[in-house]
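I have a structure here, written as structure tokens, and I will follow up with some questions on it.
Naming follows writing order (A, B, C and D), and every chain is counted from residue 1.
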């Protein structure tokens, strides 16, 4: 196994890893504001791709405009989901909200099948052209786009959360909605913005990955599972942890293909995840929630 | 704590109520039937069941199958039906799940009194309904390609797609003829992928073709570069891809990425005979080689022959009705319905399951879309290598490979 | 011989020393109070004794058994029950069921016996219910049996937690600020409950800020300040002890902290 | 309060049990019986999960794997090794219970979403093994030719017999679990759910309670899996994947916590929705076509609707109704506004 080959495995791992990371970021945004896992995050990812393809086909507009349209529509869907399905039960237990997102994901999956058909759809690459060679290993241009989007997203989110009042309000909500309300924070608006942001990021991820993998009405479930695993591996609640978790998951998968077997790559990645959880129950970078007696 | 008892009591009352409500009305449930064709004829229609995967992961296969069936029911009924009686196909969705397939089969047999069942779309669904159907003596004509359907023989079950043992043998001959003797396998973990992989491994050595690498992936995976890198290191002349889903296009692009000059040929299977593969893979589809039936290029039936007329008439009607050309799955559905219809003509519309089964088994030289069907008590697949041709993708469409 | 003997108990959280070599004894049938300003280490002491926290070093011997480091549920089985500063009741369960849950250590119906409703299990269930009702009456919550713990006002929640602690038929019960948030009438009632508990043969160790209650009910008092025991003895003596007054009122210019 | 009320409760439950068992006598519609047999199978799994999740508060997204382990264990030994049905049943329940024991390990350290992921991970690994262990499970081609259940001379080969077998076991499971729930072990689980600290202070060992809850619920899922294999005669990996686990959890939350009747009713509701188009009486073909086309949406809408309008789930609604029509029912805390303004002290009291 000489260097170029190993590098190719690492690049493959980082390519998948950055896709998982983007989905994990979507989970983390909603978790950070509400403490729940949004099972419809995979569907936001799917809608991003599907709607962009639809806009591109229907309106014959340039790719960038089509994707902007796809992302915008998914953001609207995200806000609607929060407003109609989640806000009425805002004070119910976390479990009730999680099950509502499960219902939403089933609904969105089925509506997408009716609206866009059952077959897979594809998008042209953002910047067509041959792969970029890097020390003997090839990187698709679209993969570079996905990495760029991941980097911009994590830096952007970090800035929003650390430097803006909206970010502080989001953090306050994640600690305690009651306390945040007492501080005059309109928690409903914060949660709505969180869902819109998560939907937008999911849609961007979906649109950026569709040229690589094409998309279909049912891609949400598998990619949602990978994103959730990545968010947990990194440690819930922290953006940098989500990206680290995603990249780590991608690398473990590609290295297990390289050194062990491709048949069991998913099983090996899950065993690694379970081992990490056993040693660090709060994920690689999460903080242990100390239960004060 | 024994409040749980109270909940249970109140719930029990409600439960009993709902059961009786369902019971009282279950005498005459009308259900969706694809009759089409002329107004309610005097003669009662012959009911044929169809179990398709309209939802779930095989939705992409079930949809064209349903379209083909609706189109053909109309044609058969317009041409006088079977022995004077019109046919009615009752469609049930198994959502790509064995449990729902069994329930659908029971409903079709018990409620709709169907004489035969077309389906299921997937190998799992087909295997699940065999018990139920053979117990009731209702013959099954499956559109799923799994070899197990006819390898573990069941007198009551027939198959319309080309069996993998025929496809693999035919493709291996082509590869050997073109000097390709070192191949790698890249198969997915679904029924289609595993079945193709196992048959290829069984036949490759005998055909003088060596398997130098054997990698797998899961449906829904976003990238197969790692597997293809390992494959490339083994230096194969070709990679044989076993996957009928959207991942095939991704694999083609991944391979082109690490083998820009296309020194390694990409070989596929009938499941890749879909336009979505070409649009998804883009120029990475160039040179993609796979064996499939002649439907993809009707000219391959031989202009002017009976097969050609049947194929082009189906393609034209399908295009006018749905705006797109039929894919191989639509072809499998067409064949299944035609086989059952022709058997009904021979056995007579009033034939019971056993007589119909024997009539189906007696199908000789029936010209369909997948090929010319000849069943026998030992061969419930009816197709052979002469119903296959090797295609090669060039400039965005299929071309007969040299 | 003392029922509970704490010797040289120390607990460090990194640099902070929460408990520094605390030693004292509690005798059978006594009501022992542990007092001290906030942050003196009272709750840490309780946690180390009851197994919710492991001491850095030192011994805790209860009825001849070394319990330091034992798991909390094992400490309860050894005969030492406790309540919490922030009540840890089962809010979704009724008062009766809370106390019934408290009897877990002294009952033994397993899942198999319960699922088959064996006679032994049903008999134990009946007996447990009677005893639970008796305990509720003991603390004055006779009519709160069917109301949900979560709906009870604060004062009753405290009493319910005491009843639950008594349900495991302990020889000693640790009460962590039972009077916190109670009005004078409720505190008066709490004192009666403490007497009834003690008269029932259960030794009581109580952490409390309400000096009136402490002085009235306790046989002996241990005073903690900044993790150290600065005084121990009967209420009359401790009340006049210079170090105690200084710790509480801080009149003398103490060394610069 | 025990006297009059509990006799009425017993009477109604007995009546329901009789009604359910009488169904095969009232109809010979094999299809309806098969669909309601599937409801029974899900009811068995959901009863176990209600104990684990509704009472002990431990979330598991992996119970479809135990359903699969039970089905494959019994399916394999009875089909390939010629074991009698009861031996296969014992193996299925035993293996699943051991699996539950293993799955309890992470639950000792993990909580909430992290535990959900650990159980999800276990289920995904099981799904991979179901596909890859072809010699035993038949891989994607599935395991076919599984014999009908048979106890001694009695062979359960007709839908009626299978219906009675499954619902007999389901009713026994509900009675057994309700025995557990209304006595010491069940209280220990509910206590653990209420407050792990408070439970430890009652002498309850969290580890053994969690392990017990996981083992029993996994065993019941394995039991249901075994019956499923013998009723269907065929088993394929697709029935034990992630979607099944998620729907099981949805049934639980839609059913409501700390209740058995709620989750069992929700199991019936969510199992029957996909079959609505063919079991509801007197539907016009257009309605049937609509139902068939929009089946996926309907399940999603049903879940959302119940959660929006009945946060306590079906059990919450029943308790609220019972509360209003006499009887000592108490609306659950989550749904009801507690009597009088909650004093700040009380709010402070619960903030650990």
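Criterion: a residue touches a chain if its C-beta (ideal position, glycine included) is under 8 Å from a C-beta of that chain, and two chains touch if they have at least 3 such contacts.
The structure presented is a predicted model; accordingly, all values stated were derived computationally and were not measured.
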Chains linked by the largest number of contacting C-beta pairs: B-D
Chain at the geometric heart of the assembly (C-alpha centres): D
Longest centre-to-centre distance from subunit C, chain (CA-based): B
Distance from the mean Cα position of subunit D to that of subunit A, given in whole angstrom: 31
Geometric centre distance via CA averages, subunit C-subunit A, whole Å: 48
Approximate Å spacing (C-alpha centroids) for the pair subunit C, subunit D: 40
Rounded Å distance, subunit B centre to subunit D centre (Cα mean): 35
Contacts with two or more other chains, residues of subunit D listed in rising order: 128, 132, 183, 186-187, 190, 197, 258, 293, 295-296, 330, 352
Shared interface positions of subunit B, touching two or more other chains: 1, 55, 189
Contacts with 2+ other chains: residues of subunit C: 52, 84, 93, 97, 100
Residues of subunit B defined as touching subunit A within the complex: 55-57, 59-60, 62-63, 189, 215-223, 225-227, 229-230, 233, 245-247, 249-250, 253, 257-258, 260, 274, 276, 279-280, 282
Subunit C to subunit D touching residues, read off their complex: 50, 52, 71-74, 76-77, 81-84, 86-93, 97-98, 100-111, 114-117, 121, 124-125, 128, 146-148, 150-151, 153-154, 157, 164-165, 167-168, 181
In the complex with subunit C, residue positions of subunit D that touch it: 1, 176-177, 179-180, 183-188, 190-191, 193-195, 197-206, 212, 216, 258, 328, 330, 332-333, 338-339, 343, 345-346, 348-352
Touching residues (chain side subunit A, partner subunit D) in the complex: 31, 37, 39, 85, 88-89, 92-96, 98-100, 102-111, 113-114, 221, 225, 228-229, 232, 236, 263-264, 266-267, 270-271, 273-274, 277-278, 281-283, 291-293
Sites on subunit D touched by subunit B in the complex: 2, 5-6, 8-13, 15-17, 19-20, 23, 26-27, 29-32, 34-36, 38, 128, 131-132, 134, 139-142, 144-145, 159, 174, 178, 181-183, 186-187, 190, 228, 232-236, 238-239, 258-262, 264-265, 268, 274-275, 277-285, 288-289, 292-293, 295-296, 314-315, 318-319, 321-322, 327, 329-330
